[in-house]
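What follows is a single structure, and I will ask about it in a moment.
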Amino acid sequence: MKLTIRALLGASVALALAGAAQAETTITVATVNNGDMIRMQSLMDDFYAKHPDIKVDWVALEENVLRQKVTTDIATKGGQFDVMTIGTYEAPIWGKQGWLVSLNDLPAEYDVDDLLPAIRGGLTVDGNLVAAPFYGESSMVMYRTDLMEKAGLTMPEAPTWDDIKKAAAAMTDKGAEVYGICLRGKAGWGENMAFLTAMSNSYGAKWFDMDWKPQFDGEAWKATLTDYLALMNDYGPPGASNNGFNENLALFQQGKCGMWIDATVAASFVTNPKESTVADKVGFALAPDTGKGKRGNWLWAWNLGIPAGSQKIDAAKTFVAWATSKEYLELVASKEGWANVPPGTRTSLYANPEYQKVPFAKMTLDSINAADPTKPTVDEVPYVGVQFVAIPEFQGIGTAVGQQFSAALAGSISAEEALAKAQEITTTEMTRSGYIK
Amino acid sequence: MARKTTQTRTAVVTVAAWTIGLLIFFPILWIIILGFKSEGDAIKTPLAVLTSDWTLASYHEVQERSNYFLHFMNSVILSLGSTLLALVIAIPAAWSMAFVPGKRTKDLLMWMLSTKMMPAVGVLVPMYLMFRDFGLLDTRIGLVVVLTLINLPIVIWMLYTYFKEIPGEILEAARMDGANLRAEILHVLTPMAVPGIASTVLLNVILAWNEAFWTLQLTTSSAAPLTQFIASYSSPEGLFYAKLSAASTMAIAPILILGWFSQKQLVRGLTFGAVK
Amino acid sequence: MATEHSRTAARLMVSPAVILLFLWMIVPLAMTVYFSFLRYNLLMPGMESFTGFDNYYYFLSNSAFMDALVNTLLLVGGVLVITIFGGVALALLLDQPFKGQGIVRIMVIAPFFVMPTVSALVWKNMFMNPVNGMFAHIAKTFGFQPFDFLAHAPLASIILIVAWSWLPFSTLILLTALQSLDQEQMEAAEMDGASWMNRFIYLTVPHLTRSITVVILIQTIFLLSVFAEILVTTNGGPGTASTNIPYLVYAQSLLNYDVGGGSAGGIIAVILANIVAVFLMRMIGKNLET
């Protein structure tokens, strides 16, 4: 019985495949549902005109669902996708497993040397480019120029955390619903921990020492968390412990935040007059530091990778090369303007005089260049990654620790308790995983 | 006098019922309203939302971006398919449990219900591996089977309780007239059980329509129902209330309309054997 | 009544359902039990090794486990209390004659048709958000400080959201039961001068007991596995304030990609759910005897 069903299914699949192969190759592309990817879906006519033999099936999902689905699929070799959108966190881990097709043989006109070195470095495993960057981002300070002016302050181009604190105090006017600073507080390794880990780097803190011993019991983490909590309790918006990127974006666009330190891609949203009530009053500065030599900014990119189990590697490669090419950037610019071009992947984009006119272009590039995934913090560490630690266990640990810090922000536990719990959770998990002998 | 008190009473009940009904319905009403606003207006204060311009922009964008019809059809096929399959398996089982009860019938029913208690997240990887090996990933047939099995205990339970209410004498009479087992089920039992079966179908269509774990995990594109359609509009970077509201309205509208037409049936039929 | 022939036929007819459900239960369960004894991280295939009861030890000794257990029970209990008391009240109200009965009924039933993810997103963003949410706007209009629901009362907020989705279900069942209440008996009691309260306590409540039992039973099964609402609103936080057992299993198996640990958690969840089920049966099983 079972065998017949299997045979029948197999036959019908084979038939379907044969039918499709004659006409065209259909590839399934999984992407996150962010604006730049959605825009690509509306520009597919250009791709179909150049490659009439390839058809693209889109699966656009929110970030958490997407990550979980593609990870399950690639780890079990489910073979559901031909191109996957993956983050800088996944690329090195998957690359090491041999799960991704090497992209070293992309055509010469792709000009792989044009990719920004910091981004390309994070996507190279043993000399193989395992994924092609679609857009890259760092984090920076976005602030309200009008409120700074009213407070009689000027924002330095490269502020310290003390500058931020002063500005936050001066801009806060809770009666008028203006909060000096908005930061992420929602628990998650890619939410509050992305911000806090990047911030901690500028305080000289680190996740692990060279023996993979967790470091939450050190002074540097204590200073980071205490300052973060003080900033948010005194000058932050209510409900901050559930605020992620989107919640803060909505607040900032409505003019309720004096400053917001977050992803550089936010710049195009907050300066868009169609959505933002403060579009013409936004200034940009580098993420703050404490004079220890590292800034509190992260480095992230969404990249297109091809799973090694794909049956349509050639078509997938053609698509990846098109989507991350220089020509694609020009295509977006011609249809939607330079400000909407996917940022942060190519040197040539930042050399383009047209693009340099975009107000946040230079600050984005400077921020990206200020981050070094291979040397994220002041001291030497055994791991790669600025706002994350590129080991498979990090998602779980990061989220569990994020929950503790989120609880500290909500006021249900103290900073000391949160750090102690973080240390305990991390130590247990690292011992279990065999890092700590 | 008596008439007057009745009138006052009806008036009070009318006001109270409408107030509470509107309060309960309000979140859904609000989604429907937000779907017709621009993203910038959708995050304003409630009064400002109501006074801002109405627009179809979100619906246009949703229309352009996703293949709503495909997802809709998949939802219909999955919920109807799984309900029908469940009925085919459940009717004989419920029939025999109701009319030929054994010592273990009650335990058997309880055990069936208890199969619903495994947390789905805990078995995702084993299930994914099995689906991969049988080539069932992203197929409607695979999901129909899963949804059938998920809802089967509830279907059996409901049918069992309806069948139990049917007096045994009628069956005896049919048997006297020489009806065989098949005729007994087809021509005597089923017509009498139609209201119960209808309620069962309704409840299970709703449950299958709203199932959001397996339908999301085991599909990619061609078999993906409306739950995945929703997942592509929730929480992107940037504002999304209006688009999410438009998409949500499109996802719940069909089932809401079905509910509208069948509410009498639902109100009468959901007894689970609790009414004698 | 039952002849030998019909008994055999009955066995035959019940067996497909039993066999299918048995397979559906045992195959994933067996695989899960097997995985629960392995050290198996999805991101490190080929490194699986036997670890005995390690996974169980880590899952049970995790300080989040006890919190999750308590939260699970609070969530189930809280929603049951709201939906039963609210359901009885609503059913009594809707059972009266009034204008627009059909429309009000569909409005009350409507939340049941909304997917859990959608209802959670809407409640979180459009109602409970302390800056842009409806409740915050109302509070500000009256000069109060907006309350931050999801940070300061996360579990209560989730109970509210889940109760909103399930209230229609209990209302429907209880309403059906009310409609079968013997009107003549009620009128006779009224004639005899029994107060509304007495009629409610001595006639209506006993009549509803069986329906309430059914509501408790069916809802408990669904409420034990509430998950989407938590994932969307609080991610189980702050801290572990709104983590329940299914969410903890999710965190273990899909955030950590620790299939071994997640499987152990799944097995523990099944055992706990069955303990709850046995208790339920003891408590209310008598009511279901027919």
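Letters are used for the chains, namely A, B and C, taken in the order the chains are written, and counting of residues starts over at 1 for each.
Rule of thumb we're sticking to: a contact is a pair of C-beta atoms (placed from the backbone, for glycine too) under 8 Å apart; a residue touches a chain by one contact, two chains touch by 3 or more.
Just so it is clear, the structure is predicted and the values come from calculations on it, not from any experiment.
Participant: Starting from the defined contact criterion, work out which chains touch chain B and chain C both, please.
Facilitator: Per touch definition, common to chain B and chain C: A.
Participant: Go ahead and name the chain pair joined by the largest number of contacting C-beta pairs.
Facilitator: Comparing chain pairs, contacts are most numerous for B-C.
Participant: What is the distance in Å between the mean C-alpha positions of chain B and chain C?
Facilitator: For chain B versus chain C, the centre distance works out to 16 Å.
Participant: Quick check: how many Å separate the C-alpha centres of chain A and chain B?
Facilitator: 37
Participant: Indicate the residues of chain C shared as contacts by at least two other chains.
Facilitator: Residues 42, 132, 254 of chain C each touch two or more of the other chains.
Participant: Any chance you could list the residues of chain B touching two or more other chains?
Facilitator: In chain B, residues 43, 124-125, 129, 231, 234-235 touch at least two other chains, as defined above.
Participant: Residues of chain A that contact two or more other chains, please.
Facilitator: 64, 72, 76, 250, 254
Participant: For chain C, which residues count as touching chain A in their complex?
Facilitator: Residues 41-45, 54, 58, 62-64, 124, 129-132, 145-146, 148, 150-152, 231, 233-241, 251-252, 254-258.
Participant: Can you list the residues on chain C that touch chain B in the complex?
Facilitator: Contacts found on chain C: 1-2, 6-7, 9-11, 13-14, 16-18, 20-21, 24-25, 27-29, 31-32, 35, 42, 90, 93-94, 96-119, 121-123, 125-127, 132, 134, 137, 164, 167-169, 172-173, 175-177, 179-180, 210-211, 213-214, 217-218, 221-222, 224-225, 227-228, 232, 245-246, 249-250, 253-254, 259, 262-263, 265-267, 269-270, 273-274, 277, 281, 290.
Participant: Within their complex, state which residues of chain B touch chain C.
Facilitator: Interface residues on chain B, with respect to chain C: 9-10, 13-14, 16-18, 20-22, 24-25, 27-28, 30-31, 34, 43, 45-46, 89-90, 92-93, 95-97, 99-100, 108, 110, 112-127, 129-130, 149, 152-154, 156, 164, 168, 172, 181, 206, 209-210, 212-213, 226-227, 230-231, 234-235, 241, 244, 248, 251-252, 255-256, 259-260, 263, 266-276.
Participant: Over in the complex, which chain A residues touch chain C? Could you list them?
Facilitator: Listed in rising order, the residues are 64, 68, 71-72, 75-76, 93-94, 97, 177, 186-188, 237-242, 247, 250-251, 254, 256, 392-393, 395-397, 399-400, 403-404, 406-407, 409-413, 421, 424, 428-429, 432-433.
Participant: In the complex formed with chain B, which residues of chain A make contact?
Facilitator: For this pair, the touching residues of chain A are 5-6, 9-10, 13, 28, 30, 32-35, 38, 41-42, 57-65, 69, 72-73, 76-81, 245-246, 249-250, 253-254, 263, 265-266, 269, 274-275, 277.
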